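Structure, as structure tokens:
Naming follows writing order (A, B, C, D, E, F, G and H), and every chain is counted from residue 1.
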Amino acid sequence: MDRDKIRDLLEKVRNGSLDVSEAMQALKILPFEDLGFARTDSHRALRTGYPEVVYCMGKTIPQICAIVERLTAAHKTIIASRATEEVYAAVHTVVPGAVYNRDARLIVIGEKAEPQTDKKILVITAGTSDIPVAEEAAVTAESMGNPVDRLFDVGVAGIHRLFENASQLFSANVIVAVAGMDGALPSVIGGLVDRPVIAVPTSVGYGASFGGVAALLTMLNSCAPGVAAVNIDNGFGAGYIAALINIGAAS
Amino acid sequence: MDRDKIRDLLEKVRNGSLDVSEAMQALKILPFEDLGFARTDSHRALRTGYPEVVYCMGKTIPQICAIVERLTAAHKTIIASRATEEVYAAVHTVVPGAVYNRDARLIVIGEKAEPQTDKKILVITAGTSDIPVAEEAAVTAESMGNPVDRLFDVGVAGIHRLFENASQLFSANVIVAVAGMDGALPSVIGGLVDRPVIAVPTSVGYGASFGGVAALLTMLNSCAPGVAAVNIDNGFGAGYIAALINIGAAS
Amino acid sequence: MDRDKIRDLLEKVRNGSLDVSEAMQALKILPFEDLGFARTDSHRALRTGYPEVVYCMGKTIPQICAIVERLTAAHKTIIASRATEEVYAAVHTVVPGAVYNRDARLIVIGEKAEPQTDKKILVITAGTSDIPVAEEAAVTAESMGNPVDRLFDVGVAGIHRLFENASQLFSANVIVAVAGMDGALPSVIGGLVDRPVIAVPTSVGYGASFGGVAALLTMLNSCAPGVAAVNIDNGFGAGYIAALINIGAAS
Amino acid sequence: MDRDKIRDLLEKVRNGSLDVSEAMQALKILPFEDLGFARTDSHRALRTGYPEVVYCMGKTIPQICAIVERLTAAHKTIIASRATEEVYAAVHTVVPGAVYNRDARLIVIGEKAEPQTDKKILVITAGTSDIPVAEEAAVTAESMGNPVDRLFDVGVAGIHRLFENASQLFSANVIVAVAGMDGALPSVIGGLVDRPVIAVPTSVGYGASFGGVAALLTMLNSCAPGVAAVNIDNGFGAGYIAALINIGAAS
Amino acid sequence: MDRDKIRDLLEKVRNGSLDVSEAMQALKILPFEDLGFARTDSHRALRTGYPEVVYCMGKTIPQICAIVERLTAAHKTIIASRATEEVYAAVHTVVPGAVYNRDARLIVIGEKAEPQTDKKILVITAGTSDIPVAEEAAVTAESMGNPVDRLFDVGVAGIHRLFENASQLFSANVIVAVAGMDGALPSVIGGLVDRPVIAVPTSVGYGASFGGVAALLTMLNSCAPGVAAVNIDNGFGAGYIAALINIGAAS
Amino acid sequence: MDRDKIRDLLEKVRNGSLDVSEAMQALKILPFEDLGFARTDSHRALRTGYPEVVYCMGKTIPQICAIVERLTAAHKTIIASRATEEVYAAVHTVVPGAVYNRDARLIVIGEKAEPQTDKKILVITAGTSDIPVAEEAAVTAESMGNPVDRLFDVGVAGIHRLFENASQLFSANVIVAVAGMDGALPSVIGGLVDRPVIAVPTSVGYGASFGGVAALLTMLNSCAPGVAAVNIDNGFGAGYIAALINIGAAS
Amino acid sequence: MDRDKIRDLLEKVRNGSLDVSEAMQALKILPFEDLGFARTDSHRALRTGYPEVVYCMGKTIPQICAIVERLTAAHKTIIASRATEEVYAAVHTVVPGAVYNRDARLIVIGEKAEPQTDKKILVITAGTSDIPVAEEAAVTAESMGNPVDRLFDVGVAGIHRLFENASQLFSANVIVAVAGMDGALPSVIGGLVDRPVIAVPTSVGYGASFGGVAALLTMLNSCAPGVAAVNIDNGFGAGYIAALINIGAAS
Amino acid sequence: MDRDKIRDLLEKVRNGSLDVSEAMQALKILPFEDLGFARTDSHRALRTGYPEVVYCMGKTIPQICAIVERLTAAHKTIIASRATEEVYAAVHTVVPGAVYNRDARLIVIGEKAEPQTDKKILVITAGTSDIPVAEEAAVTAESMGNPVDRLFDVGVAGIHRLFENASQLFSANVIVAVAGMDGALPSVIGGLVDRPVIAVPTSVGYGASFGGVAALLTMLNSCAPGVAAVNIDNGFGAGYIAALINIGAAS
């Protein structure tokens, strides 16, 4: 398709319907789309069904509203992550159909995602306090068209709780394992399953947990293979890559 | 299948062909396999075609040789990672068919893995010095039956080198991006592709690279979604999870 | 005992009083208890007299109330740690008998623990500001049935204060030593006594105390043997392991 | 010139128009100006047209007002950096002509700087949240008489946005690149241009961004040469050195 | 007993069998023993049967030999920890009966310790590379008269290996859990048993394991209670406190 | 003197004027004073004229008031450090003569200290924001009877300001150098003077100043000898040791 | 020029001398050169006279030789940085005209750079041990056609040494300030001059210098403006950006 | 004295015995000596009797020899610190009278320092392994004319060893306390004495001692006042400042 655009452009130059300086301008403005190296997020979103994402932290409410408003013109689905109640109130005024998931701190705007696959992502937490981050992952993956199972509060301090839910564990295609404090859950899961585990450290804990650093290091040093980590509290990132893995390649 | 084993066991107890203490013994020795919560690595390897892995660092050469020898009895493929020349010399004596990949510091023992998929994993490095870690990833994934492409020395300091190879980038199902120093490559790739990127920081660099910590942090903070990281220099881990992602779920 | 349960189950299958699918279900639901590898916390609490613990930080008040309410049905004693005044007010509404220890930030619910031993745990602090953490340790150990002595503000800056109380020091079976800033107290105590010292760093201090890290490192590097450390400000953990040590094994 | 002052002084001593103790006093009071080793900030400001700067953080509002008031007597232009709304309100009372740049958190007092050069400084940000730091840099450089272009939200997660503005990139004499999170933007820019890049890490991010440390390390480890970094969020410092570079040496 | 000594001393002064200056001398030389605040290590060792310990790292071989030689005069058992082969060779010349435990890097000198208890300490490792640290703990505890069980290479990456040895786990009075990399083993064990767990992080690992820091942090943040940690690679310290716990108080 | 006390005690026992159990009690209650190893803070304060100090952070207002009240009975001078306005209000009610130094956050109670020496301590700051810490040092030293000079805002960014005040610098017996941000001032001073420099890092700064760690490290790495450092923002500690140095030994 | 290439290409398509698919191929292969967003390093080097750089650390000697050999075909000047004696010996065999600067650990290959400017770069060190890093900076800048002055061992511990060379300091257009330990030199220089200062921390020092981190932090926190830092020991990077600054923009 | 020099100079100009240009030259060459702000180290050494110091680490042997040779021309005493055996061998060839203190790694060249005071510095170590650092401090202070007592291996793990030597402790004018591992010794000493304590952390230890950082932090957080710290292993710096304190001001 993009290659067709370049071909068209060049054909038009050849047949004289476009002059050279106009062609140069066109190549300058849209170079990467035309050449296929890069795509505007709009194109990617339209083609893949992935939502356009607005990260709210550090942006002013007017900035967020302006961005959301502009994106709604071009996109089927928009996610606003790390959105406070205040942000939601403002966005809701601009886009009345916006839905707020309080646990996940996510605003979802637009049509419900069409199912992309019937394989399941399982989102697991070690504790109750890890649930907001887990919900951020789960809702993100759902908004990208993935079926998501949830299994919360099954940390290694009472490991039988994990084993009692073994069937969920073994039937998942991708696992997102969310844990704070010792962050030991992904290592144990990585040793049990043969599917990829996306580990999400949380800032749950105190003292030498260093705001999630202890859990992050545990996950990076997992003695079980098949585990990769995202940033502390990055539920969105975990849900996003889990969705990419779960949907699989187009070909 | 595992459930069938338990059912069989219990049926045998009921019909008297197995007495209670024998059944108890069987449950005790293989409890997790039988119940499906856990598997010995042997079972996993046989079923999935995944290789059995021996991590050599911190083990004595006699320990490594003894482990390899025992595993060869039960496994089709064995990988010994972080193997020095000395380790290889010793292993080769015990298992003459062992093959050493110097760049990857991996010994591969056993039959060539049967192809599991024709989707491709692309292993990319930012620089020349990152190649050993990249090869560890590539050979690991290949030994698990995956086609692997390599694209080396395309770091962001000369980003046109990456774009000149855009077709490789866009045709890969999973990307393993290996970089030291600023570790910026995975962020750029994550912004270009819509497939999962496994980021591998390397200890290449000096001073404030802190043995790969700078690159690791860059990758964990990737502003592009779709990126997850493994430990510094952990080519094996990256290759392993990339293989799991690429092969996909059985169902 | 647990083995007896499995034996019973199997006998019942053999004699036909339990059919195979029912037996399978039983093994699936309670596998670890039946096999003796793991116990639900409920079982452990009932058998040992140890309290069930709810860690309040990071949980919402409704979550805490719901958990406490459910646990009161099955447990003799429940501790809610890191409980604020607000949490207590809410819990008190649900369980009117709940008692709040402000210094220790602990809510204790249920019967007074029966004495498990007459050996003493001594809880020592270096300063006045360390008292809340020390009280958390002391009340935890008391709620598990241990006699606890307290000796506060005897830090090494005025070491004679410690020596003047030497008789308390030498008559304790386990010592919990709580200190912030330089964290030097456990090293000195470890050099004086021949009983185990559980060291608790606190976040008391400023600047290069790094929220308790300096004290933690001092304790981990104690040049006196017989010292082990728990997390910064983890009075609960120190009290719990001190209680386990003090009570001793059943056999 | 300064040497002339010493010569004058000594000549006056020789010819008796200045006595020895007066000469000693003069040498003591103004030694470094006279000898040329150092200059009072006043002298530097008057000669170079550079503004006098007041860093507001950590100073009380009365202190700031007193400093600003005293400086207005001697200086053409004064900048008050990291100024809150409250600070501005107070300063405005003292110096009614003071102008507040909210985004940049800068108060500029005095005449508009005369243009020092027609070469351009380009201030680029990776994201929207980096704009306050970027504005601090831009306004600082402008107040020192430099033309400044702005190019915001062109981070590497959508690298085509940077390339679409390539002409701005290649026509700048100095580039100030502002980025939080992965901080990868300066490395990419450093690989594209052949002009100096001043990299400014911001505290935008969370978790393992460690308040801007991740971005700072990325920038210090830039695999592209031609990049130097200032402190986290130090827009003022970046704008100042960019201005020095852009103006060039007097000779 | 110690109080009796003071009483004796004072009685002797009163009845004239000891004069005042002799009494003063006695009080000066042995003040803390006589008063009961402190004991020379010699006295403690003789009374408790605990060995006298020489930490070899950082001492010259002549220093070690001199210390060992002096101690052998007064002590039943001496341990020299972190002893290299060279140190052993030299010590063996001085004290021919010295026995070297290569794995544990410990030299044990003197009589075999009399059993102090029949309760068992269980020393567990996550991996093969953790064995030297584990042996240091085990031999230390044995030299203090404790029965020690060993259970090696049962890390959480293959958690069934731990469960298959559950009977050892549940019959131990104290557990020393040794792990590098993710350090997750003690958390899992702490959730299974109701006896104290002494966690020993090891420097086994690479990259973001930071020489054992990752494992240490995991252990300090254990979400299971009943766990306390010692310094990285500190097998001696773990064995020592485990022995103190296991032997129990005299009373 | 202390030895005399023991001799007296023993003589009294010998001549029967003190019985053995009374003597034992005396040795137990005041052992370290009598033996000269330790002194209660009361004794030290009375003898040396040093004030008794109450560190307020982390103590409740009732605790502070109770401590201050008790101390006023026995001490000539009391300092309460890190005292907020609220603390002062409460203390002032208990001890109406208490004087509050807002800049230094110190309450001074009791008589004005008698001059101990006419040598001067010079307290220098790099910037205006460092003044509170400097005042804490200055007032502490003054309350211990030392003449103190102040020289503020003479940091190395305008080093002529330091040199213009060289006479103050060279006439001081001890220098307390207070600096945040780059913390470079003590190195420069240490290279100029031949008297001891006590360096005090402050938490003034942002970003990579890490709350004063950058300044602390600069001071610990001073390439000029004659410099030692105290904790970040520890004006009290700096003033105290400067006073000890300045007063000199009694002999 | 590059724009001319595109224009040529399009003209050729229009006049039929190049067909559409050939034009597409050309755009794909050389997209960034043709569009001006990026240049192969070859182009940049030819146009600017900047040398092509090979960073030797982490590359094998055969790799280095192969790279150097290939580059000599296309480039006038090549620098190989961090080159050991062994590397030089091998490179010298391949390119006999290669010149080794032992202090700077740089190999320079090719013609002497033509002077680009007569403005001077001044490279200053705090100590003697910083000279290798300083030479790396100086030789890099010289190889890019810049006049370089050197001023070594003028650290702040004896600040008169700096002032005695004030004329060099004030006549430089760019200053590269190299310092380990306390890293205080650039702050002092930044306060004296009104030209940009590139600060280079070195790993000279011990203990809490943390391999140059202390010096790096000092430089990032410089209280004098006009200072930016490069990585620890990065003499090459400092020399490179100093050269870019000194040469100035083409326009 | 220095002021006299300026007065002389000016008088000579006035009476014509020195012409203006000669006077200018004199002011330029020796400006800081003449003005009294700074002194060449030579002048300071001659006047105070302090030795000139050469820090050997990071300097080549030829550099060290050249420096030592030049200094011997002008100085009575020279210390070369951190000198290896090799350095000594080379220096000894150049200056045959050089004396090597192996423990302290110091070469002392020149006349024995004249006693400056009869007050004593006490150098204390916690352990045997801390002795080299302690000797560096002791020999430095002795070479500056101070009487030094040594008290080694009296760490807090056996605190009675410290108390048995209380008379040495209480008769010292300045104490240098050297400790690795937990670094607790200076806190205990600071609580016992009323003289300044210079704390020296050593890199003795392993694991979480982080090469002396743990001990350093302990010392910076000393809960006893009167303690200031120098860099890790910086025996020279501790000895130097202790000497400055002990000698006292000239006036």
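Criterion: a residue touches a chain if its C-beta (ideal position, glycine included) is under 8 Å from a C-beta of that chain, and two chains touch if they have at least 3 such contacts.
Fair warning: this is a prediction, and the values are worked out from it, not measured in the lab.
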Copy pair subunit G, subunit H: interface residue numbering same or different (half cut): different
Could you tell me which of G-H, A-C or F-H has an interface matching D-G, in the sense that over half of the contact pairs are shared by residue number? F-H
Selected pair, greater C-beta contact count between E-H and A-E: A-E
Of all chains, the one whose CA centroid lies most distant from that of subunit A is H
Taking the mean of the C-alpha atoms as each chain's centre, how many Å separate subunit C from subunit G? 59
So what's the Cα centroid distance for subunit B and subunit H, whole Å? 55
Counting in whole Å, what is the centre-to-centre distance of subunit A and subunit B, each centre being its mean C-alpha position? 24
Listed in rising order, subunit B residues that touch 2 or more other chains are 28, 31, 35, 37-39, 127, 158-159, 163, 191-192, 207-209, 213, 216, 220-222, 225, 231-232
Counting only contacts in the complex, subunit H reaches subunit F at residues 35-39, 44, 48, 50, 53, 119, 163, 166-167, 170, 173, 191-192, 194-198, 216, 220-222, 225-232, 236-238, 240-241, 244-245, 248-249, 251
Residues of subunit E touching subunit H in their complex? 28-29, 31-33, 37-41, 57-59, 63, 67, 201, 203, 211-213, 216, 231-234
Using the touch definition from the top, list the residues of subunit D that touch subunit A in their complex. 127-129, 158-160, 163-164, 166-167, 180, 204, 206-209
Help me check something: in the complex, which residues belonging to subunit H touch subunit C? 126-127, 155-159, 181-184, 187-188, 190-192, 205, 207-210, 213-215, 217-225
